[in-house]
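Note that chain A is present in both complexes that follow, paired respectively with chain B and with chain C.
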Partner chain A sequence: MKTIEQTTSEILNLAATYFHIPREQLSPEDDFFTKLGINSLQALELLTRLEQHFQIELPDYEFQGVSDFRTLAERVHSRL
Partner chain B sequence: MKSFKGQTLSWELTGGVIELALHREPCNEIGSATLEELEGFAAALESLAGEVSVAILYSTLKPGFSAGADLRELYRRSQQVSGSERVAGVRSFLERIHRVFNTIDGSAATTIAAVHGITFGGGFELALACDLIIADKSARFCFPELRLGLIPGFGGIPRLKRDLGNAVVRDLLLTGRSMNAAKAQAVGLVSQIAGEGQALTVARSTAAQIKKFDRITSATAKRFIKPIPHEELRLEIEIFCDLFSRPAVEAGLRKFVESSGPMPYLP
Partner chain C sequence: MVDPGQYPSLGAALREALERWAEQTCLIEADRDRENCRLTYRQFKETALPLARTLQQLGFAEGDRAAILMSNQSKWLLSAYAIFHCGGVLVPLDFKLSAQEQLQLLAHSRTKVLIVEYYLWRAMLSASGFKDRKMQAVLVTEAPANADLAGARRWEERPGEGEPTFVPRRRNDWACIVYSSGTGGRPKGCVLTHENYLEQCKSLMSLFPFSPEVKYLSILPTNHAIDFMVGFIGPFLCGAAVVHLRALRPEFIREAFTRYKITYMSVVPMVLKNLERGLRERFAALPAHRRFILKGLIGLNRLLTKRKPNVKLSRRLLHNIHQAFGGELRGLFVGGAFTEPATLQFFYDLGIPVANGYGLTEAGTAVTLNDLNPFRPDTVGKPLPGVEIRIVNPDAQGIGEVAVRSQTVMSHYLDDPELTAEAIVDGWLMTGDLGRMDSTGHVQLFGRKKNMIVTEGGKNIYPEDVETAFAGLPVKEFCIFAANYLWQQRDLTGEKLVLVIRLDAGQQMSDDLRQELVSRNRHLPDFKRISGYVVLDQDFPRTASLKVKRPMLAEEVRKRLDRAIAVVEL
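What follows is the complex of A and B.
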């Protein structure tokens, strides 16, 4: 079973790869909308990538109140 | 006329296959301009019925197939008129959309929606009017209308119920969540999954297969297995218009239109 730290790390790797941002520039506390420079349409692309990677379903209302990677990781982790 | 190049969409008939490309920036929002050009397409689909075996609908825009109704236009027009005129305007729009979607739904040609990315609201409903949905891995399907105090008004509920049954409709409608392509295939909504950017390619090879069959037989089989739920579609329009008159809807539309944050497409 993954730890939350592993889940967070995988999310950061995925975001860095998909949005072409150097991995070292991302940290768990970052606001992913601001750091990745994305809008809600692109957030849905990220959601699809997360679902494919973790083999889960993550309803988009789980983004409510979430803007940093760490909290997003908690939402993903709860579905593993 | 066997081809058309418009502001919001273009289509061309070649070798028994008519391909409709949606291309209204940013994400094929369906407003009055798109409706008018879709009406032209629907008329062509009927007049060319003897020559068309397959119709493929797809989008050339990166974000997706279609984000649904043009909410900005809807809000703007609703602010220009009062109460009963507002509802009358919406009813008129819905009746026109339903005529187009019913034509696509009941077309003698086999229709394929080749979708990717955002396939929301009215865009989802356009795909549901087609016989087959081929989705690339990026596709997401959603009925976001409850977020605005509305229900889907372009025929989505009766069509999705026809195809999948009540439970999936309840899930999508009552949560307003989006569903990815893999899950959509698992529940029977999507017939084939394509690699990213490949939905049109897969749709074309499917069309090549479908074209081999006698057109009359295909059309007859389709009429037999795919009844159009006319009564429920009419009821949907009534319910939509009834809800549209509520202040909560105007507030929901205003919030969407005035939003400058990154969240408008998220619940």
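What follows is the complex of A and C.
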């Protein structure tokens, strides 16, 4: 069983790779819209990558109003 | 098609469609690679009528208001039909608003019955204002078996038997109350009549006639005016099939095109640009020689379709691209916000014409639409049949405020005669948008006279509605404006909100205050956030009742501050 810290770290790694941002520039408190420079549709692309990585299904509505990596990680972690 | 001109109400026209196209596929709901449901028009009726019966058992009667609060899914349409069957007034609410905002609009509209998706109901239960709710009944869809619904009923439960009574309505009766804004301030509930919608449907379908062969992919929520008309009323009256997608990821949209052989889809500019970006990336990844050939074919297609689209020819020339879209796509509709001409041209050159338009909630769905004859990406098309457009007080370049007169213009703003009188003057809807009409009758838009922005996602944002998120900010006073309203620009791209701050005497802009702004901003949905702030060194002008005189304040900001220097990005 992963810890929430591991889940968070894996999400940050994935976001850094997918959106070509140096990993060290990302932290759990960051607003991913601002930090990654993405819109809500691109955020949905990130969700798909997370689904593939964690082998889970993430309904779009679970992420309505979520904009920071820490909350995102909590939502993902609760479904692992 | 069921002729909308021959029916007194949406309920009556839809009822006829359910009979006429009984064996045609009507509605498909897909979620990822699963298909949740597939209904013919007959099955649609058989599913919706028991819901209408439930509503009538709950005492829902002619003229009563029922709100729908759901994401993009089939139960939205089933519920809407049931409401119209009962002679009710539909209040379509935006599921992306916060629960507190939704409760405000439910109260303002005096909604009697709420039909809501479970996760949204769950959020509402803990929102402030929930205990003051006045709805008499709530129907919740897709609730887990053991969920506590706090007194609500399950949408799926259909007690009792018997045919519900069809309640006729007249053309001038209210069909919908649609909120264009006002969650933070003065609610703008546009009251639209059955005639408004039926006339809108008639004129849109005269330009783009649907038929039972059409498969329309619905990715916009149906509370959105475009999807309500082009993804519900229009296709139903024409016997077409609507495909709803619940997971709105680009890869699922791509799969839906090929799986269902989609013919039309409506999008907002943000989705269109995303599609363009994806296609450009794919083109760039091709080997050099294939890229060269593709470029040549696109150029040839552009040349051969210069006067008007020829989808059959384009499918032959650019076979692989069209196959990726399922091979049956005839075109896309885009609206809700300004679309860049280059994006429209990109798709047109691929043989995928995008009909862009211009509309306001106050005028139904659209007042202009590009009829692609010829394609004019620099404009928002010509006025739709039955729509008159006038440019008020044009300047030397012919640019002035766009005014609209049409049978599609709303009746009034709910409970606000003063606002209605400002918006509708001598029968003309004053749009607050700046435009020009050229010699061929095409309308071009240049900016706004009003203090608001429209995002690429098609969301209208009024600064007053965002100010509540900054209530109690430790400064003397503050106000939010559309940047292009403060520093007027003839541009409709990249519209932003700016916070104007007046600090207390001796107060400096500190890191703590800046952090507070960032934090408050973060609590807003991404499309409502301010992009930066300016500090003004004088008190805000106010009325005798101490309300900020916004136009005068905007004038002061414009006079004293240079946008390029004064705005600090957040």
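Keep this in mind: the second predicted complex is superposed on the first by the 80 of 80 C-alpha atoms of A that agree within 3 Å, B and C clash if a C-alpha of one lies under 4 Å from a C-alpha of the other, contacts with A are read in each partner's own complex, and residues count from 1 in each chain.
We adopt the following convention: a residue touches a chain if its C-beta (ideal position, glycine included) is under 8 Å from a C-beta of that chain, and two chains touch if they have at least 3 such contacts.
Bear in mind the structure is a predicted one, so any value in this text is a computation, not a measurement.
In the superposed model, A:3 lies in contact with neither chain B nor chain C. Judged by the touch definition given at the top, the superposed model places A:68 against chain C, while chain B stays out of reach.
Once the two complexes are laid over each other on the shared chain, residue contacts for A:60 go to chain B and to chain C alike. Shared-chain residue A:39: touches chain B and chain C both.
Of the two partner chains placed by the overlay, only chain B lies in contact with A:52; chain C stays clear of it. Common to the chain B-facing and chain C-facing surfaces of chain A are residues 33, 39-41, 44-45, 47-48, 57, 59-61, 64. Interface residues of chain C facing chain A in the complex, by the touch rule stated above, are 32, 71, 96, 98, 117, 119-120, 246-251, 270-271, 274, 456-457, 522, 525-527. Interface of chain B with chain A (complex): residues 27, 63-64, 117-118, 137-138, 140, 142, 175-180, 182-183, 262-267. Interface residues of chain A facing chain B in the complex, by the touch rule stated above, are 33, 38-41, 43-45, 47-48, 51-52, 57, 59-61, 63-64.
Looking at the complex, you find that chain A touches chain C at residues 31, 33, 39-42, 44-45, 47-48, 57, 59-62, 64-65, 67-68.
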